[in-house]
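Chain IDs A, B, C and D follow the sequence of writing; residue 1 opens each chain.
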Amino acid sequence: MPEYKKMRFAYGFDDVALVPGDVTVNPELTDVSFELDNIKFPLPIMASAMDSVVDPGFCILFNKIGGLAILNLDGVHTRYPDAGAMLQEIVQTPADKVTPLLQKIYSEPIKENLIGEIVTKIKKGGAICAVSTTPANAKRFSHFAVEAGTDIVCVQATVTSARHKSNSYEGLNFAKLIKEIARPLIVGNCVSYNVALELMNTGVSAILVGIGPGAACTSREVLGVGVPQVTATMDCAAARDTYLRETGRYVSIITDGGFRTGGDVAKAFASGADAVMLGSIFAKSEEAPGKGYHWGMANPHPALPRGTRIKVGTTGSLQQILFGPTSVTDGTQNLVGALRTSMGVCSASNIKEMHKVEVVIAPAIKTEGKFWQMSQSR
Amino acid sequence: MPEYKKMRFAYGFDDVALVPGDVTVNPELTDVSFELDNIKFPLPIMASAMDSVVDPGFCILFNKIGGLAILNLDGVHTRYPDAGAMLQEIVQTPADKVTPLLQKIYSEPIKENLIGEIVTKIKKGGAICAVSTTPANAKRFSHFAVEAGTDIVCVQATVTSARHKSNSYEGLNFAKLIKEIARPLIVGNCVSYNVALELMNTGVSAILVGIGPGAACTSREVLGVGVPQVTATMDCAAARDTYLRETGRYVSIITDGGFRTGGDVAKAFASGADAVMLGSIFAKSEEAPGKGYHWGMANPHPALPRGTRIKVGTTGSLQQILFGPTSVTDGTQNLVGALRTSMGVCSASNIKEMHKVEVVIAPAIKTEGKFWQMSQSR
Amino acid sequence: MPEYKKMRFAYGFDDVALVPGDVTVNPELTDVSFELDNIKFPLPIMASAMDSVVDPGFCILFNKIGGLAILNLDGVHTRYPDAGAMLQEIVQTPADKVTPLLQKIYSEPIKENLIGEIVTKIKKGGAICAVSTTPANAKRFSHFAVEAGTDIVCVQATVTSARHKSNSYEGLNFAKLIKEIARPLIVGNCVSYNVALELMNTGVSAILVGIGPGAACTSREVLGVGVPQVTATMDCAAARDTYLRETGRYVSIITDGGFRTGGDVAKAFASGADAVMLGSIFAKSEEAPGKGYHWGMANPHPALPRGTRIKVGTTGSLQQILFGPTSVTDGTQNLVGALRTSMGVCSASNIKEMHKVEVVIAPAIKTEGKFWQMSQSR
Amino acid sequence: MPEYKKMRFAYGFDDVALVPGDVTVNPELTDVSFELDNIKFPLPIMASAMDSVVDPGFCILFNKIGGLAILNLDGVHTRYPDAGAMLQEIVQTPADKVTPLLQKIYSEPIKENLIGEIVTKIKKGGAICAVSTTPANAKRFSHFAVEAGTDIVCVQATVTSARHKSNSYEGLNFAKLIKEIARPLIVGNCVSYNVALELMNTGVSAILVGIGPGAACTSREVLGVGVPQVTATMDCAAARDTYLRETGRYVSIITDGGFRTGGDVAKAFASGADAVMLGSIFAKSEEAPGKGYHWGMANPHPALPRGTRIKVGTTGSLQQILFGPTSVTDGTQNLVGALRTSMGVCSASNIKEMHKVEVVIAPAIKTEGKFWQMSQSR
């Protein structure tokens, strides 16, 4: 018998739907709080460490509202004393000239003294401070950030594993880093049971889940790599449950990326997420530094640029996006209201109960005109 | 072994097709009647309790024709003595201003005296009267409606279960309500075996099936919640069969929403429905109060509005939509003729035999131009 | 345990592809002949009994070329002595007025004397004559046709089974009809193992396979009924094999409808077809009476019209469509060349060997622009 | 029990995605070299034997860069002493006149003396020379090419098997041919385990995999034949592994065709390919003789022309397409960089480790507008 390679199915947000439960719960009674080690957040929602989404002011506001916004230590804020001017230039440059501009702006070296300054600014604002860096810069940058008082450190690359083979620099040792910073460490991104489990064994407090989640995602196009978010979250959540059973320690699963609507957010929690991290949805807020534009760190890559600056528009205040009231009817605003309503109809009083909600595979093949016609189709 | 979350597949109307049977039956010989407890209807078709579809005049006409139209007690007719003026205003307002208008119109308090008046009007017209209310208003409103002589009460929310957790108001007890009204109670909507069974145990006469049926449905987008109608109907029909086996009582399954064509109607019955409830298809009738426009109760929601008023157009008389003759060839008219023909080719002499027809999974991925080209492709 | 309704998958031409075989065969060496009882045809291809495709002249030419065209006894040729004038009127009427015109033209009663005349005309042309009628008219019309010398009789309705429940007319008894006509009888359409087997037991010579084959097919939209052609053909072919094993008699399977390209034709044979019946592809021939237009008998239906007259255009001569040479590159011409080539790469020397070719499920989701780009994508 | 025909699923590049591994590897540490018998290539990438892609100059340059370009002995270069003039004419002719022109140009007989000249030219350029011919011309043409010093011979037809049934010419005996040429022989194309194994048994050095790979591929449309590339590659790779186990000899698997992006290339290797062969991607290079146009040998077919000349545009130098730096962000440039990055995140240090990477089924249904929106969707 020939041995053919085996493949299993992987599912994304558009492929699934949640099944209402046996008891309906009043949305106001649902508890959506999230705990990262001993730090408690009223909302299980984070804002991505992207320059178009998060600046110090956004961090302070977002934390006041109940969530956690993460500041990117590899972006404009640590490269330029006047980061605002750079952001303005990016926003005002025409589309056909923006990739070279981004490549230029992000080639400016990082000033280590700016790391401390930015952390201090956020702490002075009364917020919980979380900063993000790449694996390569993690040791050095986290040192400065911790010294300045950051509460949480995030080490994030498109793909992260506990082990790294390289000639050019010594691999990052997460266990050692955690000891040094003595603070919760969030690490990512990963998408599989094995990698999640191995990272948990290093002592991290939370795992970011999400690599090439969308079928049309750049990582999928350029690298062929990617796992749809529902399956990725379910796999990493299974690792969390295994690890909890074996060690008694609860490591949080944060689903990062691929969200378009409040429905997607609810599906992530039903897939096992403890929190979600959003970028483009918050880039649309009035308070976002991108002023209606959105770009990532993959775009300025000198040799393999992916994606580009896109115009997302400004659709409302952060308050409206999270809590409404809203006049948009497409699921991109009042995310918390939608999550609580979804939990209520699914019999979930809190996020951990949401993990047990039944999920069915029910692909959403959309055709433009059909959308609204069916939206009230009864 | 890691314990991954399990998911099963769920199918909608577009995903399936019916297989012709061993014997063809002359359409004229098919029996499509439907019984709700002891009330018999020549047609197994209901009209949704929506202001754009049903007003007292529509109720009377629709019942004369053979089906049952349900009047919404939470709509304009119980808020305004001159509901017609409100409907006219909604219909004449431009699209960009209609959501705030709907929000305003539907914030007017309900006048309890109007409940009795409207029921009286329908009964005077010689029709079987059925009224619909929300769980929150059910006890109070059904009292007035029953007093005025309604024949059937319907309690309907997007999602309904037999149990409800809430601080703000005492949960509705369906068993108690049924005793009080002493009339058939229709309750919904639900989509799962367990919830359907639990509702049946409270003594309801019929269950409405359908939550976020369409892939592009607003509930799916905003809440992530929804089960395609074929699977939802099959699951609730399985509950009906279990309940019948155990108690000897037959509770009707009414598939509500997601229909586009007569083919969809036939598929609902083959999935186990005893009756179907249609909204947008009847909103297209000359007799509909929406005058070619259609909107639901989810749109005027103050905090999480979903959908909007849509222009469906007026395509023919109710008579044409139900029985033809028709000049449209897309399956949106002569629904009863199509159902009888479908039953005939599927060897079904009545609706219960239609429940046994073979259904195959045969997804319909449509591309615009391909439609008509293939419609005669032999 | 609840008993959920079970469903199996059904596949169409676009869902599958053929796998090349172990030996390549020179196309010129392939034998594509087809035998209906003792009548042998060089080509396994039939032309549908539709007024836009087949008239007496087309019958004669098509038979000369090697296939079998079937004349519709319920169309214009038996209703009008000067059928050509009617065809011309249909072709020249604007699109928005054509359905009422068709309804009018096809309401003219059939003249039984014209049946004999038309059969005589075809026989005088030296062709094998095959005529088609509906079950209701079968006994009467076939009598006249046989008397005039037809070689083959075809009884065809959208859906046909061996048994029919009706009050209005006595069911057609196929066994009795076969005795009366003493000629090969082709009956259809059906799509399932059971119906095919039951029809074979009545003594028919061939079965037409195809009900609502396309996902966008009118029968699917209007009635919900239909089985994609690959599965339908496989099921009926399984019935043929069972029947052959049990009785020693070989009943031919003719896949009828749903073809767009030569690739679809090859797939039908690999699914088990002994012959194929095409309509719209031949409506595009210069010799077709429809002059570039195509319509069926479902469109003039007085109460439930389906489909409409469509413009298919005239793309080449019948010779070109069947044998090339061709300048079109989309698979709609040189069907026989394509079939022989396909058989050659699939190791099939004749149609019965083609039945054994491996078929894989490999859905073809097409996006406009992608088509040509990928057509040479290496 | 009826015996229904069985079908298995087949998957293409768009249907799958790669799962990141447990260890990340620095891209610079990955080994992407490829060995054909004893000839070692720094890159596992070949350029298709198509006139719009490869001419002698391209061969020399491509080999210098690290890969292998194959010259088509049945194209313009062996039909005309001044092939450049012919290429220019093809490129300058308007689209509606190009198929007849191609038919005319490719009907000119091949001059055997030109075969030697072209091989000499390539060898003089210092490159490894590989030439391609059809099975019909293989014996004769390879003789001339070997005499002139070619290093590798490729025998390629759309579909090739080890055995061929024909009256018109004696089947090609690969074992005999290999003895005669005493050089590595590459044969293709095939897509199945059995055919691959049988070809390996004749002694060939490598197998080209790919018949009708794309859902919209011409072979699929016209012939119904084709297997998506992931499944085809996996099946042939399984044959390679079986053959290696049984004989100890390693026959290379070269996936040929169907590639759009670097992601597709990575997926081919994860499916088991030892090398990939690209056409249209290199037709877009500044060095390609097609000057931004692309056509294949199927188009000038006199009786069954498939595809046409398409405008692919010129997007960059070969250097950019293979190694970057690039300003395009859609995965069509820096293919080697993308492959190395993909290998790095998938824990693969070399191509053979890439064969073991986990592949999941995760269909990519793309909608135009959604693409970029999701490309940075976090």
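For the reader, a short list of remarks on this structure follows.
To be clear about the criterion, a contact is a pair of C-beta atoms (placed from the backbone, for glycine too) under 8 Å apart; a residue touches a chain by one contact, two chains touch by 3 or more.
Predicted model, so just to flag it, every value in this text is computed and none were measured.
Put simply, the chain farthest from chain D by mean CA position is B. At the interface between chain C and chain D, two copies of one sequence, fewer than half of the residue numbers in use are shared by both copies.
Note on chain placement: the centre of chain B and the centre of chain D lie 56 Å apart, centres being C-alpha means.
Averaging C-alpha coordinates per chain places the centre of chain A 40 Å away from that of chain B. Shared interface positions of chain A, defined as residues touching 2 or more other chains, are 11, 365-366. Remark: chain B residues 11, 13, 16-26, 28-29, 193, 234-235, 237-239, 241-242, 261-267, 270-272, 324-327, 329-331, 334, 337-338, 341-342, 345-347, 349, 358-367, 370-378 touch chain C in the complex.
Against chain D, in their complex, chain A makes its touches with residues 2-5, 7-12, 48, 50, 99-100, 158-168, 190-192, 194-195, 198, 210-218, 220-228, 231, 256-260, 277-280, 294-296, 298-299, 302-308, 310, 365-366.
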